[in-house]
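What follows is a pair of complexes built around subunit A, which joins subunit B in one and subunit C in the other.
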Partner chain A sequence: MLRQMLCAIALVGLGSTSAQAQFRSDTLKIGVLNDRSGIYADLSGEGSVVAAQMAVEDAGGKVAGRPIQLLSADHQNKADVGANIARQWIDRDGVSMIIDVPNSGVALAVQEITREKQIIFIASGPGSSRLIGDACSPTGFLWTYNTYAMGVGTGGAMVDRGGSSWFFITADYAFGQSMQQDTSQIVVQKGGKILGSIKHPLNTADFSSFLLQAQSSGAKVIALANAGADTTNAIKQAAEFGITHGDQQLAGLLVFDTDIDALGLATAQGLILTTGFYWDFDDQTRTWSARFEKRHGAEPTMVQAGVYSAIRHYLKAVEATGTDDGPKVAAKMRELPLDDFFARHARIEANGAVSHDMYLAQVKAPGESKGRWDYLKILSTIPGTVAFQKPENSGCKLVAP
Partner chain B sequence: MSVDAPGGGGRLLPQSVASDRFRMRRVMIALVILAALLAPLEVYPVFLAKALCFGLFACAFNLLIGYAGLLSFGHAAFFGGAAYVAAHAAKEWGVPPLAAVALGAVAATLLGAVFGGLAIRRQGIYFAMITLALAQMVFFLAVQLPFTHGEDGIQAVPRGTLFGFVSLDDNMSMYYFVLAIFSIGLAVIYRTIHSPFGQVLKAIRENEPRAISLGYRVDRYKLAAFVMSATLAGVAGGTKAIVFQLASLTDIQWQTSGEVILMTLLGGLGTMFGPVVGAFLVVVLENGLAESGLPVSVVTGAIFVVCVLLFRRGLVGEWIGRVRARSP
Partner chain C sequence: MMSLLGISSQALFGQLLLGLINGSFYALLSLGLAVIFGMLNVINFAHGAQYMMGAFVAYLLLQFAGIGYWPALVLVPVIIGGFGIVLERTMLCRLYRLDPLYGLLLTFGIAMIIEGLFRYGYGVSGRPYPIPAALQGGYNLGFMFLPVYRAWVVVASLLLCLSTWFAIERTRLGAMLRAATENPVLVQAFGINVPLLVTATYGFGVALAGVAGLLAAPILQVNPLMGSNLIIIVFAVVVIGGMGSILGSILTGFGLGILEGLTKVFYPPASNVVIFVVMVGVLLVKPAGLFGREK
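Right, the complex of A and B next:
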């Protein structure tokens, strides 16, 4: 009898503490942390905040009876600034989820903090495969793309379309090398040949000698395993050499719509790339993108569409579990079906990777384009199961190999 | 250029004024110490710890430019280099935090000896350019070497335990750890500039040929000042790596060398506490503006321009000047 009573008291006690601890604060706070003034400002920045606002509004502004509050900040591409804001949000402001965070250095820092504090972190801006590999977290998700999927997606699909011989122009640091390695692997697997590769230092202004070597190699595909200014510089100079007008094709392994917007179609035309989302893909994407364009004044990038999709899914999981407790919500997010205008045939893996359909696309010629943002022809759909690495091979400790 | 530490000049003053000023200074120092001890109750401790790290970094830089008159444009190499070494030591070798910071400082000292040995042979713009070039080489190494993990940086560095029993995972104890390091660093700088060695440095700054003619081997003095400055910058960098549990390319790129110049100029070149004030100002702006939606670098730049136009001697330098002008 006494024991039963004690049990009952203990249960009541437990119940009341867990009822109090269901939410971190009176409002559910979501923090959009990204670059708002630097090189990633166009592809994430204010647009990601607009996408987040849309997601919150579309969810009715409330979840589990609590109003949703959005915070946003500029990490200035500095890992320490990003880490400081993330910590302050979690420790002081009671933020329940952090989203976006382009720049893999900052994202990895936020991943460490959110893992330690058991807070949900959904990366949409960065593409580092380490976030779902050796640095994976039970409460971390990589929503939009990763470098492996971009490289392998482009590699596999290009070989299928007849690009049988390859030459790599690779940025000489860890990112470029791993991208070249991953892409080469799939090319060889599919029966393609690697004719050669050349490394260039980070932040190269003059690509002429690299491009000439690539041109004379006779490879059908010249792949750019680099990012940012290096990629755009290489594309500009390739256009000057007329590489894309011959029978050689230029493939950018990591190119965004905003890069093409900056380069202009005359320069970028013919470039092959992989993307996780394109606004003009079908009616569903067009409907959402029209709403976004009206508010933001530009078509959404895949990063911004990913932010919307991720927040909607996250809020569904919070609603279903009735808490913002990181591990519980993360488990629910993996459990709930995910299929929206952004994430097609999607699956959230144990390592936090969101595998969904990717698209192989080619940049239109100026004559084919009907106006600003009408940049891509979708050549083929790369199923998520092909583009994304199997979780067992990712090196993530959460998945038994 | 003769902006000096508060009360540093040995001018003859009426007894009452001197003791008044002495008392005021003591009260102020007590207030600052009290504020430093109580600040983490009100302000987020990790943020304060960051500001202290940059404060020490700026003071180390100021030791060189403010007292020896040498403008180094490569201090990020010492700051970032030490951050990488400390982070690597703490993460891969499991070294306790204090030892990791010390290793970082040793690395910065060695780098400083190499940089200094080459750069002090030239003066002015050439000196600055040599330090910048060498720092760019170090940056290039940081991008290339496998242990730095390129643009990802070294992440998840354990904060560890101090003396085997104080866990630094707690933000409060971390703050006091950083405050202690900062205070020691500042004390070292204070002693240095108020020693005969510091006097010689000032003499070199004011008139190098005259210092040579007096028989001083100015190159040795300059080298010593350079290495010391590098070491202290390394202490700051190593500590920052432990606080944030990461070392990244941001710490070692040339913009950081520029930022420390900005901090020092804002606060007051050649003043004891000016660089600390400048560092706090820049760090506060960096964080305060982050959530405002304003472009941070533009605003910081505008404030810099306004400061340079209105307060040529920096905030603290200007304040000291005003106080001096008022008292007889």
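Right, the complex of A and C next:
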């Protein structure tokens, strides 16, 4: 009798440990970590949470028989705050996957934690190619864009259009540095020259001083290696100082639809940019974006569309493996085919880069636009194989060069 | 061409002028703070939010009522000043007998609420506000292209600063104000309505912030965060100039704008800390500020 009871207890114990080994908690928890109140809140923020909710609902709210629970938090663009939240989510709340994390500085911190804890981390908001380069992780993915792909797109196009000499105005943190480095590489490869650069603190209101230095450098292209409000202020003030009326051109290396909306077409028109997604690209993107717009009140940025696409793919991998174990799910994600309204001709590389079609676009003139959010003309599609760096050249240790 | 440490004199002149332009904003904002602190002993942390509101009121007037820049130049300070007066009458006036810290906490809380509301309504990317037609274009000064609008900002700011200084230091009304600050009971005994003076002063200080917001609207994005980015710097300016010193806040405002401009040439990454470095230095050597009086 006693022996039977002991056996039963042991079996129950075994049962629960094996269940624990498959899933970190009773529900599958996904944490959306991004900027909810600062300069990147419009391009990711609440909109990314809405996209995540849509992805969970479209998956039926359940995966492998478990309900899916979404958590979200504000990292305030501070690496230490972001890292603390990520640790709490993983250690205390049993979160299985962290997504979004705009601001490359914060994303690099989260990448370290998720690598150590073997948790899936899908970056949609940040762009630093270090996330798939020297700081790559077996369980880390960079879903939406990266600084190298943006450099290939905008940098390549500007050189082709006669922009042979460049001056960079660069945000002084991880993203800006990667952006400048990757774009310079492309420009030099194409025969262009780099005349100089200036680093400015994140969240700068007045760019006139930097613009004036860029102007006097005589460079044909003044490249803005920054994002969000920094980019919009710089573009607005460049117009004020008459820079864009002369023979110098501006290149916004990372410009989101929300930035154009904030600037107005009168100021932003003619700007060449690269994007990983445009809501008005074809019927597939329009259908999804209409659903998103209804809930969020604005058209989706590429970051928000990327969050949806990534969660759907992740959930498919969890369903297929029947576990939320990071390395197993990551392997499955690389194995499953990926092709949706967002990620066209996509491939998940060994270094975590999601290579997919990128688009070279130009901002419309006010007369060409039919209304709010009708902002871009797609000039050409850049195939993922061209836009994304070969994993073996990325500097990621997971890939033998 | 002459050059200094590898920077051409041409670039240097340009940066000095830009520093002066930024200094105009620092001066205008720190002046409002100094007036309020000097007369009311209140550290008005809502100043940044009130500056942001000035820009937003201008944007909303244009967007929904078609009221342009020039009428806004009158309407914005009236509306923002009126908001300040309501704030002072309903909340701030209850705190005068307490430590200034309470006023700071109250205004800080109000600033957070105002910013939160605007962020909720308008997002963080900001809204565009055009430069008025009469002030578009620019002058080619040889060493730099000076947009007409920026020149206007310097002139407007100087005019406002000097007339404020004159009103407070050289007129009868200003003398009553200063007397009321020194000894409110005695001044009241002479039949002067001190609470009214105090309310008007707060309203005026806040209106100055509103004007600064309007002046900034065509240069910066009209953005809910524009005030919180600036307010800390402006407080540093006030501390360096001497809390409550009118002339001090004007001079240090312009001076530090120029210093910051120079930093942007010689070592740009330090441009957002240079003012605080100066602040620490000044506090160590002269705790009351460059123009402040030790009490």
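Simple rule for what comes next: the second predicted complex is superposed on the first by the 293 of 401 C-alpha atoms of A that agree within 3 Å, B and C clash if a C-alpha of one lies under 4 Å from a C-alpha of the other, contacts with A are read in each partner's own complex, and residues count from 1 in each chain.
We adopt the following convention: contacts are C-beta pairs under 8 Å (C-beta built on N, C-alpha and C of every residue); 3 or more make two chains touch, one makes a residue touch a chain.
Everything numeric here is computed off the predicted structure, so don't read it as measured data.
J.: Under the stated touch criterion, which partner chain does A:A59 make contact with: subunit B (first), subunit C (second), both, or neither?
T.: Neither: A:A59 stays clear of subunit B and subunit C.
J.: Figure out whether A:N233 sits in contact with subunit B (first) or subunit C (second), or with both, or with neither.
T.: second
J.: Which of the two partners, first being subunit B and second being subunit C, lies in contact with A:S104: first, second, both, or neither?
T.: The answer is first: A:S104 touches subunit B but not subunit C.
J.: For A:A350, using the defined touch cut-off, is the partner it touches subunit B, subunit C, both, or neither? Pick first, second, both or neither.
T.: It touches nothing on subunit B or subunit C.
J.: So, does A:S37 touch the first partner subunit B, the second partner subunit C, both, or neither?
T.: A:S37 sits against subunit B and subunit C alike.
J.: Could you tell me if A:D172 is touching subunit B, subunit C, both of them or neither one (first, second, both, neither)?
T.: The answer is both, since A:D172 touches subunit B and subunit C.
J.: Would you check which partner chain A:T267 touches, where first means subunit B only, second means subunit C only, and both and neither mean what they say?
T.: Touch partner of A:T267: subunit C, not subunit B.
J.: Touching A:A83, do we find subunit B (first), subunit C (second), both, or neither?
T.: After superposition on chain A, A:A83 lies in contact with subunit B alone.
J.: Applying the document's definition of touch, where does A:I378 land relative to subunit B and subunit C: first, second, both, or neither?
T.: After superposing on A, A:I378 lies clear of both subunit B and subunit C.
J.: Check subunit A for residues that touch subunit B in one structure and subunit C in the other, and list them.
T.: Of subunit A, residues 37, 172, 201 contact subunit B in one complex and subunit C in the other.
J.: Can you check the complex and tell me which residues of subunit A touch subunit B?
T.: 36-37, 46, 71-81, 83-85, 87-88, 91-92, 104-105, 108-109, 111-112, 128, 130, 135, 172-175, 201-202
J.: Residues of subunit B touching subunit A in their complex?
T.: For this pair, the touching residues of subunit B are 44, 46-47, 50, 140, 143-144, 146, 149-153, 155-156, 171, 240, 244-246, 248-251, 286-287, 289-291, 293, 295-298.
J.: Which stretch or stretches of subunit C touch subunit A in the complex?
T.: 8, 10-11, 14-15, 18-19, 21-22, 119, 123-128, 130-131, 138, 144-145, 147, 149-150, 219-221, 223, 225-226, 229-230, 261, 264-265, 268-269, 271-272
J.: Subunit C touches which residues of subunit A in the complex?
T.: Interface residues on the subunit A side: 37-43, 45, 172, 198-201, 203-206, 208-210, 212-213, 215-216, 228-229, 232-233, 236-237, 240-242, 258-259, 261-264, 266-267.
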